[in-house]
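Structures are listed in the sections that come next.
Shared chain: chain A. Partners: chain B in the first complex, chain C in the second.
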Partner chain A sequence: MSDPVPLTTGHPGQVASATPPAPGRSRRLSDRGLAVAFISPALLLLLAMSVFPLLWALYLSFTDYSATRGGPAHFVGFGNYTAILTSAQVHQRALTTLIYVVGAVGLQTVLGFAIAYLISRRTHGRGLLTTLFLVPMMLSPVVVGLFWRFMLDAQFGVINSMLGSLGVGQVEWLTRQRTALISLIVVDTWQWTPFIMLIALAGLTAVPRYLYEAASIDRASEWFRFRTITLPLVWPLLLIAVLFRAIEAFRLFDLVYILTSGGPGVSTETLSFHVYKVAFLGFHTGTASAYGILMVLVVIVLTQLYLRYLNKLKED
Partner chain B sequence: MAVSVNEAVSTGPVRDHPPGARRLGGRSRSILEVALLAVLAVVMLFPVLWMIETSIKENRDVYAIPAKFVDFQVTSEHFKDVFVASGGGRSALSVSFLNSVLVAGVSTVLATVLGVPAAWAYSRFAVKAKKDQLFFILSTRFMPPVVVVVPIFLMYRQVGLIDTKLGLILIYAAFNLPFTIWMMKGFVDEVPAEYEDAAMLDGYTRLQAFWRFTLPLLVPGIAATAVFALIFSWNEFVFAIFLTSSDNVRTAPPAIAGLIGGTTVDWGLVAAASVVCALPVFVFAYLVRKHLVAGVTLGAVRR
Partner chain C sequence: MQRRGRMPVPSRKVQLATAAMLLVATTVAACGDGQDNGAKASAPKAPATIPELTKDPLTLSFIWFDWPPAHALEAFANAEYKKERPNTTIKVNTVPNANWHDAMFTQFAARKTDFDIAILDSQHIGEAVTNGNILDITDFVKNNIDVKAYNPYLLAAYGQFPQAETGKRDENASLYGLPLLGDTWTMIYRKDLIGDKPPQTWDEMISVAERCQADNPGVSGLAFHQANGSDAAAVTYNTVNGVYGGNLWDSKTRKIEGVLNDAAGQEAMDVLVNKMKPLTAKGSGNWFIDEVNAAVAQGKACIAFNWIAASGGLLDPKQSTLGTTREQILDKPGFATLPSQKTNLVPLGGMGMHVSAYSSKANQAEALNFMKWFERADIQKKWAAAGGVPSRTDALESPEFLNAGPFNQVYTDSVPRMRDMWNVPEYARLVDIENTNVNAALNGAKKPKDALDDIAKEQQGVLDSSSRKGGGGL
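Now for the complex of A and B:
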């Protein structure tokens, strides 16, 4: 019974291989055709929605075009670029962005790694703990921004209420120059610590157990084990997480928009938010485009770095 | 008091934690670690619990000073306000949720239909400069939305896509496509190409082999990828606020953000709308929990 079955199914194959050159060539040809047919629609959409707009922005960045004034655009050469690069306003936004990115990503990395390390040492309830810690990351930035705005409210916010019961006076979290930027960093840290934690945890659980066993036979100290086994093995993955977060933090817009709208004054205006103001409140479309192109250049450099490390990780 | 409730939940693992202390003092150290984890869990989860609590509080308890953690009046008014307008009929918020379902759903389908075949082709065929193409695709996803939105805005104004659902669907599809391709390429790589070779020996064409043998094996991966794309579109805010303005087009995130525009803010309503917005995301995230690492790194990191 079992013999004839493979024989019959084998027939079409034998027929095909009986005339090898023709199907072989046509198959290779159709492979190429298939690849083009399958890839080009996706690439076309990306060209239309990502590349074309960027090229348009590149063109506008050399003109004095304004979206509201309309009328023809005049070529101004590198005027917009020099204006932005020499503007003290832009320098200040760049500094704010730098403080924000370094502060938020630094805090997230330390906290996220610490949580992941603590969880990886548990033998029970790991899944539940991980799921609980991941909740903030899944929320929309709008929900996060709005809700923290409510919690940080100077009068009826729950944070001040709790501080009040500890005897600390009211803090105007979002309306004071210095605390506003700190609040922004805290909220971003709250939302994105789980991201670093998740990736660090993936790295930590992948460390082979026998390495630790070997180290404990050698009576290596806890700190020594952490420094020579855990950290070097998790570091490549952690670096990718950190770079990813840095890119995301650099282009952050929604949280600023919801939480502080750049205020008080301009104390929480990041570069992204400033571009928005120049483009949609100042209507200097040409200048905003040049500003945007410069930001894109920074993102491209960061992305290249990210992809290089990613490649390295994949090859190992 | 809410804190203590929270603690009871998160200290669950303490009880089933085994006395696996090999060295002296290991046990007290382990207790310390659990306590630290519990404190961190409380800090991370408190805002979410507070949001849920606020969404079911009577208005005067929402603004109570000092804040009320347990002894508040429970009401479902805020949730009713999310869906039903004050004069009866559908509220603007409920319309925005329906818009979100439509925009996120259709854009996800579009990204999947375009992305899955592309991912398969990248995985199976020797495409020219494949690595460069894949890196280019991923880097489009990293563009700052505020920068992209300026020329997109001008472009949409030219072709009449401003303030339309189609406009949002197209930009979300383009925004999710890099993710879909990267994520799906990982799944396709896991299916041996030999299956297709064997099918082709049996007389099927390459396309039939993909359709009949590979695709069915990819279904779980496609589902996970689509769920992530759905979450990204559902939560997206920047494109939504700049490219749409009218109530019957707007999606949920800008509609919820619009609740704080006036002089007085109904925080109970904001909390209830936020809960409604977050709930499906939690359900979906739970469904794809196995693929979270790959999902949140846009398919770049796989373990």
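Now for the complex of A and C:
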């Protein structure tokens, strides 16, 4: 190694000593090395907690492994996948999940956007209203499920009590096939409409004022302004909110577990709830892994199609 | 020229190789202790005699679901067992009933448990034994427990695998547990509404409930378990099935289809859905233990069925509207054994104590010592006085037990009439199939006959699925 080259100062003829390295910094550690050192813990954590379980689940999905039985995992090829895709039970849960996702997300979008639109038109108390509307979203789904279970109880629930005072008879909210799924949709809507509202509100406040001013100079009607200015500008943001909510709703487990346990019978069992049963009632880990992988694939494929549509929308 | 103080930038190939190595290392680390899983195909044996016990402070942990007997056990064991083993603290960990099986078996799956004694439902034994999760205590029982002190079926139901025939015990079969809490259903009837004499037959019970409901607006004729969680609706159907002469399966040939849904089974389902269900409260299709107790305590049911071990709260004036004192309350509900019809079978409830195979040696030794202590005649009577339901015959017939609760005589009288479900390794799936289908029939989501045929077909599919390649569990 050669000696350090003397550095010159601003004053010609004067030789300055070399600037010492920053304290605590190793001379041998480059910027890149430092970056790797900082990223490594997070990277290792990600590999251990996310990537490895995913790859392990992928491996198990081709076997008949059971977590409780132990023993070697026997390779069954695509047996688990074929069984899942051809199972009438899975088809039934897929239909229930689809109805739930379309119903809940559709309702939340309409209500969320409507509330956001109304709030955006207010000048006073907008912050307070927004905060109040956000409260349900901040609660744990288990807490939400439990108090709605009490409220919807056919005998002692406050909902039936209120309906009774209006002269409406007792409704079996959680124990009849049709009302149980509707109840799930209503509870989910109560909790997650604020999410759509929040994103829609962000979109609405970002619409440039001058567009509305120009429209009013042209004497455009309220409906015309909404249809040609508000909706087209907020739509892409709203669609992203819908995407997030649809993915969440597709994975619904907690509300079903607390409110209906999938009943009556299996009429409110969603795909996630069914995976839970396959995984933990009989401990069919291989089948449950394949089921989970298929659900991830469905979400990825649908999300890709959706994002392509969004990009096309942006280009147009 | 290479810049000083800076390492060369690794190529993309090197980066990929590093990432791959990290992944392999993570995989190897994560799978490190999973290689010997296959070696354990059956339960390891407990020592025939209790090993030397530690003098160091030790916590003996149980796992159970959250209900009054769990809290009673912790209080009782800490008060009494500590007198003999002052260094030992008893901790009863509780989980919600619906998570009970998962909480135990996910820990068994991890081959590491935070409990030393699992309180298993009698039907869980097969799954735990087959997977090697609990100790085989056959030799320990021979050396330390007076087996003649028990009704043989109780000893078999809470510990034997393969399962005992109803009412009998196979002396040569292995034992994996000892009774902790006996239980069965009691019929709770309103003496002030239907009279002091309880109905003697199932048909009579239905007609009395019908009359009572008609005479008392706002009070439903019947209240029983209908929920699709745990084993709620399944036990209800099994009870009616037994009373009407049906069978759950033929254990020798492992046949369910054609046995469960034979004429007796169909009649039982018809009685349950078309005669009993219309006498229940609207919206009671998801009721289990707590909801049935609430209906009785609030005076909303003429006749109810519930587990004896969960009935203590009915006499608590703080929870009841039937009276302001225990004596006042006792004027109204009466407790009786279940009515008979074609047979006099009643459901076997309760649970046994089972030593975790993954507990430390010191804790396993303490667990065995606790079990030996718990099954002593004097301790069983004290357990009875503390609110528990013992299993030794002398304790069941003792005044300590019979005077401890108005329903305890019901248990003693019911012991010779008990029938359990299957305790095969596939139990969790079998009971889920039955639960969901009976619940569907009770709530109008399926026709009773279709529900019963579906149960038989799907359960048979589970028993026959061992040779299936892929898709197990669907």
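Here are a few things to note about the model shown:
Keep in mind that, in the parts below, the second predicted complex is superposed on the first by the 272 of 316 C-alpha atoms of A that agree within 3 Å, B and C clash if a C-alpha of one lies under 4 Å from a C-alpha of the other, contacts with A are read in each partner's own complex, and residues count from 1 in each chain.
One rule holds for everything that comes next: a contact is a pair of C-beta atoms (placed from the backbone, for glycine too) under 8 Å apart; a residue touches a chain by one contact, two chains touch by 3 or more.
The model shown is predicted, which means the values in this text are computed figures rather than measured ones.
In the superposed model, A:Ser140 makes contact with chain B only, not with chain C. Once the two complexes are laid over each other on the shared chain, residue contacts for A:Gly263 go to chain C alone; chain B is not touched. Of the two partner chains placed by the overlay, only chain B lies in contact with A:Asp254; chain C stays clear of it.
In the superposition on chain A, A:Ser221 contacts neither chain B nor chain C.
For chain A, the partner touching the most residues, choosing from chain B and chain C, is B.
Of the two partner chains, chain B is the only one that A:Leu118 touches; chain C does not reach it. When the shared chain is aligned, chain B comes close enough to touch A:Thr193, but chain C does not. Within the superposed three-chain model, A:Ala42 lies in touch with chain B and out of touch with chain C [touch as defined at top]. Chain A residues in contact with chain B (one complex) as well as with chain C (other complex) are 27, 30-32, 43, 48, 51-52, 56, 67, 155, 257, 279-280, 288.
Residues of chain A touching chain C in their complex: 27-28, 30-33, 43-44, 47-48, 51-52, 55-56, 64, 66-72, 76-84, 87, 89-90, 153-155, 170, 172-177, 257, 260-267, 277-284, 286-288.
Interface residues of chain C facing chain A in the complex, by the touch rule stated above, are 5-7, 9, 22-23, 26-27, 30, 37-38, 40-41, 98, 101-102, 105-106, 108-109, 111, 127, 130-133, 227-229, 281-286, 300, 426, 428-429, 432, 436-437, 439-446, 451, 462, 469-474. Residues 9, 12-13, 15-17, 27, 30-32, 34-35, 38-39, 41-43, 45-46, 48-54, 56-57, 60, 67, 111, 114-115, 118-119, 121-125, 128-129, 131-143, 145-151, 155-156, 158, 161-162, 164-165, 190, 193-195, 198-199, 202, 206, 237, 240-241, 244, 247, 250-251, 253-254, 257-258, 272-273, 275-276, 279-280, 285, 288-289, 292-293, 295-296, 299-300, 302-303, 307, 310, 313 of chain A are the ones that touch chain B when the two sit in their complex.
By the touch rule above, chain B contacts chain A in their complex via residues 10, 12-13, 16-18, 20, 30, 33-34, 36-37, 40-41, 44-45, 47-48, 50-51, 54, 62-67, 114-115, 117-118, 120-122, 124-125, 127, 133, 135, 137-140, 142-148, 150-155, 170-171, 173-175, 177-178, 181, 200-203, 205-207, 231, 234-238, 241-242, 253-254, 256-257, 259-260, 265, 267, 270-271, 274, 277-278, 281-282, 285-286, 289, 292-293, 296-297, 300-301, 303.
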